[in-house]
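The same subunit A turns up in both complexes below, where it pairs with subunit B and then with subunit C.
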Partner chain A sequence: MNKWILALSMLLLCMSSWLAYAKEYKLILKDHLFYPAEITVPANKKLRLVIENQDDTPEEFDSFDLNREKVLYPGRTSVIYIGPLSPGRYDFFGEFSPNTARGTVVATEVNDADN
Partner chain B sequence: MLITSLLMSINQLLPVVILAVLLSLIVPLSQRQLSIYAVIGTLMSLVFVQAAAWVSQLFDHRGLEFIQMLLCIMIFVAALMSCQQRKMAAALALIATMTLYLSHYMIYLVSFWHSKDTAEPLILGTCLGVGICISFGVLLFFLLESIVRRAGVQPLVVLLAFNATAKLLIFLDLASQVDLLDVTSNYLDWRGFLVENSELGRVLKALVGYEATPSKTALWVYVIAAVVFIALARVLKIKKTEEPVCGS
Partner chain C sequence: MRFLIISLSCLLLASVSQVAQADGMVVDKVYHPYVMPFEREVEWRLVSRQTDNGNVLAQRGGFGGAINDTMSLEGYLVGERDDNGDFGLSSYELELRWQLVEQGRLWADWGALFELEKQHNIDAYEATTGFLWEKEFGRTSLTMNAFLVYEWGADIANEWESEFRLQYRYRYRSAFQPSIEIYAGEDFFGVGPGFIGLHRFSPKRQLKWEAGFISELSQSGKDHSFRLALEFEF
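Moving on to the complex of A and B:
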């Protein structure tokens, strides 16, 4: 049993270091609004969105354009990997508060991206 | 809030209703059995909701996706085994689907339940959503039942194959979301043809897993998995259902 736990831990450790190269972007959810509402990212690169829900209610990060869906629990941090994206605009929204919690990922060519 | 509750309830309930209808016609399930599975599925969803916040922080914030990916695989395999008219497999597929979808809606319900401003539209939207899903389920049941009478159970197995394979697309999206697989490049864009958040788009998504912007990998996986499902269902020798038990 211990061998299995050790093997699983090693696998996850290796996986974490393998995943570490994705550039990180932080989003904050507060008062049912995403901050920043628009993030500019480099096109054709893998990205790691770190989303912190500072509200006292859950929210669901949803995007038809990015094919992503994840519940953001209150006071917790969530991670979503996106990309590589072609240049363009990709909308996302909070499914529980779709009128207010809205945002856009703007993928631009690397030279123009706001890094 | 009313519209959000309505859309949320339809999005989360419709896949469950569709699978229940399909399984009740392919596997002879009685209404009593369906009711028992529904209760167990609801309880499992509640357990999932209770543990989800904690699970979400495991494995570098990817715990929730791992559980959901496991549920998707379980649904696909259990749906396939259901073609042999195994009631336990049908029960497993239904309970796993309920856990996957209803837990989302329960999180939403629990979060906004306590506020006076939101409770009323929440209940109203949920009632409307449940009503629409049940109506759709009843119509689908009679439509599929007439197909079974005319053409046998095989068309339903094909529909079940597409429905179950759609869960593999969710698996792929989740795997991509936690960066286990890279399936995001080479997107196809069918948004000009049909957007996912339209009425028809939502129904097709729940029925056969329609995506307006699928990756080419997802498309290949969908086609191959559906063909494998149908072929394996034939190999497993589907017993013909003469009279569906449910509703009789």
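Moving on to the complex of A and C:
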């Protein structure tokens, strides 16, 4: 039994190294606010959120909806890979400034998304 | 470098199927392949295993945190109840987790785990290495761990062993994410339900909990394990 499970694991591990294409969307964190606070993206695609933290303190991008946590170092640009997303709204926030640093990713069918 | 690690891990996994499977407490924790910089945590885990021969209880307390962007180091003190019913210190453990790829960048996410354990008061050591793997499917996540274990020392027989763990969870709410878990080791194949959850007290303080009830299926006798883990991150 274990041999079959491990053989399956090995196959999955080798598949894991496939690099998926991801379209890029840029955000800025400034004065503990995300700009833009809402972005529209195509559903069912891999995406890259490129976030430039212009504040002089670190922030932690956090989203249960997107299943992502990532430290945004001050003065640096960070990349967060998300998706493929089903159509819908996905909230995110800055863990260190949860009352101000908030935003939403809106996944829509391709024709409606910002391109 | 990462391709080399992945290739080595594949070779490692191929060798795993050739060695004995791990004995002892197979039910423990399914590790996720992610490390958060700045993270520090204290952890407590309990496993209670009920068989026809009685109850085996193991508890561990740990403290650790991230040492850089992709690695975390944690030390544990492990206690077990002995044959006389006395609970006491049984071993010490040092554990290194390594996040190998950015979450979501590849088709699935990868990490590695290295662990060294010394039994208390006897000459017995255990080194564990293996991979941590996770893949998202919509609102569900599949996590798998495969470990290769080597035991040595004057007071035990030197041997290679293997372990496999799997958790498939539905990310229903942050406080409650139900799961199915599978654990495989020497003479052990267990399946059962579990859940994990999280509560945030303040921006840098949160409590994570995990629990599971695993039934052994490959033997005819009674063998049920209850596991509980609490992690306070700050």
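We take it that the second predicted complex is superposed on the first by the 95 of 115 C-alpha atoms of A that agree within 3 Å, B and C clash if a C-alpha of one lies under 4 Å from a C-alpha of the other, contacts with A are read in each partner's own complex, and residues count from 1 in each chain.
As a convention for this text, a residue touches a chain if its C-beta (ideal position, glycine included) is under 8 Å from a C-beta of that chain, and two chains touch if they have at least 3 such contacts.
Here the structure is a predicted model, which is why all the values come from computation and not from measurement.
Participant: In the overlaid three-chain picture, which partner chain does A:T77 touch, first (subunit B) or second (subunit C), both, or neither?
Facilitator: Once the two structures are laid over each other on A, A:T77 reaches subunit B alone.
Participant: With the two structures laid over each other on chain A, which partner does A:R68 touch: subunit B (first), subunit C (second), both, or neither?
Facilitator: After superposing on A, A:R68 lies in contact with both subunit B and subunit C.
Participant: By the touch definition at the top of the document, which applies to A:P98: first (subunit B), second (subunit C), both, or neither?
Facilitator: In the superposition, A:P98 touches subunit B and subunit C alike.
Participant: Return first, second, both or neither, reflecting whether A:T57 touches subunit B, subunit C, both chains, or no partner chain.
Facilitator: Once the two structures are laid over each other on A, A:T57 reaches subunit B alone.
Participant: On the A-aligned overlay, A:S86 touches which partner chain: subunit B = first, subunit C = second, or both, or neither?
Facilitator: A:S86 sits against subunit B and subunit C alike.
Participant: After overlaying the two complexes on chain A, where does the subunit B footprint on subunit A coincide with the subunit C footprint?
Facilitator: Common interface on subunit A, subunit B vs subunit C: 12, 15-16, 19, 22, 46, 58, 60, 64, 67-71, 79-83, 86, 95-98.
Participant: Using the touch definition up top, name the residues of subunit C that touch subunit A in the complex.
Facilitator: Against subunit A, the touching part of subunit C is residues 2-3, 6, 9-10, 13-14, 16-17, 21, 34, 36-38, 69, 102-110, 131, 133, 135-136, 138, 141, 144, 146, 162, 164, 166, 171, 173-174, 184, 189, 200, 203-204, 218.
Participant: For subunit B, which residues count as touching subunit A in their complex?
Facilitator: 4, 8, 52-53, 56-57, 59-62, 64-65, 104, 107-108, 111-112, 173, 176-180, 182, 184-185, 187, 195-197, 211-215
Participant: Touching residues of subunit A toward subunit B in the complex: what are they?
Facilitator: Contact set of subunit A toward subunit B: 12, 15-16, 19, 22, 46, 48, 57-58, 60, 64-65, 67-71, 73, 76-86, 95-99.
Participant: Which positions of subunit A touch subunit C when the two form their complex?
Facilitator: Residue list for subunit A touching subunit C: 1-3, 5-7, 9-10, 12-20, 22, 46, 58, 60, 64, 67-71, 79-83, 86, 95-98.
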